[in-house]
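Note that the chains are named A, B, C and D in the order they appear, and that numbering of residues resets to 1 at the start of each chain.
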Amino acid sequence: MSHNTFGHLFRVTTWGESHGPALGCVVDGCPSGIPLTEADIQPWLDKRRPGQGKFVTQRQEPDAVRILSGVFGDERTPGQLTTGTPISLMIENVDQRSRDYSEIAQAFRPGHADYAYFAKYGVRDYRGGGRQSARETAARVAAGAIARKIIPGVEIRGAVVQIGPHAVDPARIDWAETANNQFWCPDAAMVPVWEEHLEKVRKAGSSTGAVVAVEALGVPAGWGAPLYGKLDAELAAAFMSINASKGVEFGAGFASAAFSGEENADEMRAGPDGPEFLANNAGGVMGGISTGQPVTARVAFKPTSSILTPRQTLNEAGEELELRTKGRHDPCVGIRAVPVVEAMMACVLADAFLRHRAQTGGGAFHPGETARR
Amino acid sequence: MSHNTFGHLFRVTTWGESHGPALGCVVDGCPSGIPLTEADIQPWLDKRRPGQGKFVTQRQEPDAVRILSGVFGDERTPGQLTTGTPISLMIENVDQRSRDYSEIAQAFRPGHADYAYFAKYGVRDYRGGGRQSARETAARVAAGAIARKIIPGVEIRGAVVQIGPHAVDPARIDWAETANNQFWCPDAAMVPVWEEHLEKVRKAGSSTGAVVAVEALGVPAGWGAPLYGKLDAELAAAFMSINASKGVEFGAGFASAAFSGEENADEMRAGPDGPEFLANNAGGVMGGISTGQPVTARVAFKPTSSILTPRQTLNEAGEELELRTKGRHDPCVGIRAVPVVEAMMACVLADAFLRHRAQTGGGAFHPGETARR
Amino acid sequence: MSHNTFGHLFRVTTWGESHGPALGCVVDGCPSGIPLTEADIQPWLDKRRPGQGKFVTQRQEPDAVRILSGVFGDERTPGQLTTGTPISLMIENVDQRSRDYSEIAQAFRPGHADYAYFAKYGVRDYRGGGRQSARETAARVAAGAIARKIIPGVEIRGAVVQIGPHAVDPARIDWAETANNQFWCPDAAMVPVWEEHLEKVRKAGSSTGAVVAVEALGVPAGWGAPLYGKLDAELAAAFMSINASKGVEFGAGFASAAFSGEENADEMRAGPDGPEFLANNAGGVMGGISTGQPVTARVAFKPTSSILTPRQTLNEAGEELELRTKGRHDPCVGIRAVPVVEAMMACVLADAFLRHRAQTGGGAFHPGETARR
Amino acid sequence: MSHNTFGHLFRVTTWGESHGPALGCVVDGCPSGIPLTEADIQPWLDKRRPGQGKFVTQRQEPDAVRILSGVFGDERTPGQLTTGTPISLMIENVDQRSRDYSEIAQAFRPGHADYAYFAKYGVRDYRGGGRQSARETAARVAAGAIARKIIPGVEIRGAVVQIGPHAVDPARIDWAETANNQFWCPDAAMVPVWEEHLEKVRKAGSSTGAVVAVEALGVPAGWGAPLYGKLDAELAAAFMSINASKGVEFGAGFASAAFSGEENADEMRAGPDGPEFLANNAGGVMGGISTGQPVTARVAFKPTSSILTPRQTLNEAGEELELRTKGRHDPCVGIRAVPVVEAMMACVLADAFLRHRAQTGGGAFHPGETARR
């Protein structure tokens, strides 16, 4: 994770601003011989795409991805395979609505990174937030689609589990339900509650926060590299790099602070296919290494900073003013963050897999194995 | 952050196991000309040192640090200065109590990383947890002492704000109070409550979780490098790399999920020395860049996994057994984590400062400045 | 330097194949506030462009570069400035001549990397050499144009000093002369000799090797970071990463093996503006750190591997065959390598400058200065 | 390669100065389960050790290496195995002869990096050259011993092939001969010539340069990662990072500049075990990827900069003076560089192997294989 590149061996470098001609990424280090066309990537982008419901921004972007390098096919090879060289992906910006930016050209929108970018760089592309725009996350989702193909045995699923004060009861989570509503909500009973809440928020020109849950099933034991490449440390960085995220927790997370040692211990029994755990408070990671259980995390998102209520702020000249942020905005960025959180999970896991394969040859040692030690 | 090295320009590589001859780290990339002797590092290690109270492990380790390289002084230069070359620090292990490890040599302690290390590497140093032992954090604290000297204008302070179910009321936090008790507790009234709770936990051979709060004051605007070197993303990785941490949040953190956009906006006014914020829900970081406000975070720690109550587990042969973890352990690892959290904050900030200076020359653009844009 | 990214703080990630839709690079870590438009980059690409003489490939590529991100300008800022965010550059491939690749689709061209790519990846884009094509160097040249703007005080100049057996006498080198001929030859008397040699080579369907010399003037003392980020080590890697390069030397290079210690010592005297050296056998670098003298290097290039004389080889089925490589090729790749060598020098120096500024604040300590020691 | 760390997955961080208490390195990323004790490392250090002949420095250093972490053995595992955690190696400095450094404490030894370090850092450890001392290479040799165990099928051998003006005829190279003389000379007939030359040089208080050749046999096809992690690019950086090296070439190297395309093509035939090459002008690397042939390189070393003849220079005050460098020095550093060059080759190859295994699973595609493409 460094400037605009993340990953060690599966490396993704993203570029682009909200209102520039295009955005994209270069995915480097991908294994060769993996079938890959635009059709493998586009569905994931479509999940993230704006303009798909009442409670997300009305900006209309087809988000059509184009693969510019790193794949090859000819008459002898139906389809296309990755070649092991860098895969360049590009998504053109289409609906950069022509409008008057004179207000925010000068003023710092409170809650946004406008002032921080100004303080650091002295120059900033204010159109639609420039580089800080959530449009950049399209590049992450595209990269995540490739990452998933490197670890085909892993299933990643995300859900919104809280919007504003309304949290889903963990006991009621039904992952299949997330496909049935516009909120990725895993509890059908919560959907009308959120609808009502968001309608109120939208009408008030306000916004609201959310919590996203994510799980990776099928991650074998052994991924992650202690001590500073711990799987959960890398996931935490990946999730915190998403726009508007304010917190990350794994397994029991903050709740584990109130646990006793007895509650916390994820006891083990021998199963037919190897160790089985009686609980997963650890969230599938111990000592920074996967245990073979589902890798589970939750990410907190603050409310969209763009709201219609005037807020006190400054402009670049240092003068005080009040600002209301017009434009097309999601009232709850957490909703559209779901595919992004999933994509970051996929990228970190693909990278962890490659690094694990490098150091150990891949695979895991099983209890009872006498090979080494 | 990669395997056993963290940082990009201020790079720390740690090594060592709980029961090996020594542990230590190599600090690379430190600026030259900084006065540095063992006396600058030892006090921070003394803060972290075990054997200092009823509620921390009784292992007696002097944790005396030795600087093996990277500094120089002669008769013309009283004291010693860093030379810009790698600083090697070593701490010898002294109190590796001779005991019988035959039980855990074979068995995986539940809640510990024993099984994960076995699954990944096939061979593990089980004595005292080997590399997964919290003794490694001594190296982090030593590195943090050097990091602080690179950013002398920054003050870092940590506190325990929750032990088990007993959380400090944020309104009652008095940072000065942390020096007055063995818990780094910022609320004098909470001290007896925690004492009672921990006494009960200790007697039961159990353990308890905790939450640590940390703040950095004096961080100027502009540190942190979007999008994948965001200051909060790097801090999140640094904190999640600490033993037993299960969650990280910044500013309002998970609470911001329930906020409205109006509540969330950290409004700005013009102050005599530059922008002033009316709130700090962002935790001093927006868009991954520091804003000039205090950088604030909270880290959740699970209970110590070593407890006396027998727990179900497996051994390396895959056989089921029950295990109670004897030995000398902290009933609440969160307490001794405070200096470690502070040290990781220092290291990440020193690294962010150097990277900021590289790209921008250092400093920040101030509103009203007409230099560039 | 890792896979398809080079540089530490000034980081360039290149992508693209010879016969794909486009090629390009992402330049990350560039300081903000630097004026940059396509017009700053295009002239350097034009220097490298194919189709410009009898002795370079006749492929016609306009090599028009497009900046897709990382710059910003509005009515208040005439022109465009870098914003500190990643700069994405794209060059479309235009003249991918439609032809029959069936022969090399199966066969490994000897001297080329065809077999090596096959052995590593199992799948390869054979059209025009795919990723191994020298077309990729256009991305390097574009990145180099940006690098030069970060270190405006540094002048970089390259020349061909040997083609085949005909080497320029070092005493006759006149850098100004390189602009007057199609060979970047610094000795007017050598031009007809090379013309005759290359004409013979071209007619024979053969090719020839070359040596390129490069110098950077105005590099201050202090750049480069021992021990493994030595300025000459990083330059060596950068030059060796260029297609067809087989050797690199600095200063007196291989000749210094025959020197005595007396000949080798670059003695110093006090000049009006600081230390002056009486010789520069070191090539401007000692201990991996620049000395303030010109940084000088020479790079050896092997002959173009594509020749018309049939050569023995294998195909992907492992069968023996004879192959003559048709197509449009430079008989001497060393000639068109000059702008590439210059660009790599620029990129490495810009990166070294940023890293030096990070660790030291920039600048150099001057003899007589009493500040620190 | 960055500051004091080299390698990507097999990462070596070295530390220590000539006259500090010790020097060493941390080797991170080593696979687990490899038998490793001090006895595996010490013989390689003994090869490099000073004090072993008339023509190397008389400093007496036992160079006894100590493993401080990263290995484990118990009664169930005879011997010790690597655990996958960082391996810390330490070598104490013993013979730091007490002497008067007042002369070079102030003056810059010409040809040395004294001035460059001063200009960069403002403070330097002048005792024995501090960090720029060739003593640091002991850490490289120790790391190389571990690297060799990761790639047991690879044999690495080095030789001195030129001292001063006296070069070995390539046709006369007999690798077995290197063990029979103090020069690692592969031509018995050259030994007396070099003895006479070096005796003259030593008596004159002078020094001489040298060229070292190195080969790695048994490297399979497929190692190395284009375009900026090319095997030869990484080797070039590794070799150029060695003290006093001034040039690197692979295969035919600089001689290939005079080649025709026909001479240069390394033609291929089908052998019983896969492709066979009729020549190896490429030095075992094409397009940055190993071809299965021996990887061959040559490294040029300048003469030792410490000589008895007075040379003109400056001191830290900027005053002119003449300096003759007393002390214990090798008249030809190239000789003792042989084990260092070999070690760097081993480290780069081990790293390349791990990275290749990460991206491809290891192994190579063989002609005739129909698996993928």
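The definition used in the following text is that a residue touches a chain if its C-beta (ideal position, glycine included) is under 8 Å from a C-beta of that chain, and two chains touch if they have at least 3 such contacts.
Being a predicted model, the structure only gives us computed values, none of them experimental.
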Contact-richer chain pair [A-D vs A-B]: A-B
Most widely separated chain from chain B, with each centre as the mean of CA atoms: C
Numbering shared by both copies at the chain D-chain C contact, with half separating same from different: same
Mean-CA-position distance for chain D and chain A (Å): 44
Mean-CA-position distance for chain B and chain A (Å): 26
Shared-contact residues (touching 2 or more other chains) in chain B: 2-5, 14, 29, 32-33, 76-77, 81, 84-85, 120-124, 131, 226, 360, 372-373
Residue ranges of chain A touching chain D (in the complex, touch as defined): 9, 29-33, 76-77, 81, 84-85, 226, 354-355, 357-362, 372-373
Parts of chain D lying in touch with chain B, wherever the complex brings them together: 2-5, 11, 13-17, 20-24, 26, 28-29, 32-33, 66, 68-70, 72, 74, 76-77, 81-88, 90, 105, 120-125, 130-131
Complex contacts: residues of chain C adjacent to chain D: 1-6, 8, 14, 108, 110-113, 115-124, 131-132, 136, 162-165, 201, 206-211, 221-230, 232-241, 243, 246-254, 256-270, 274-275, 278, 281-283, 285-292, 300-307, 309, 311-320, 331, 334, 356, 360, 364-369, 371-373
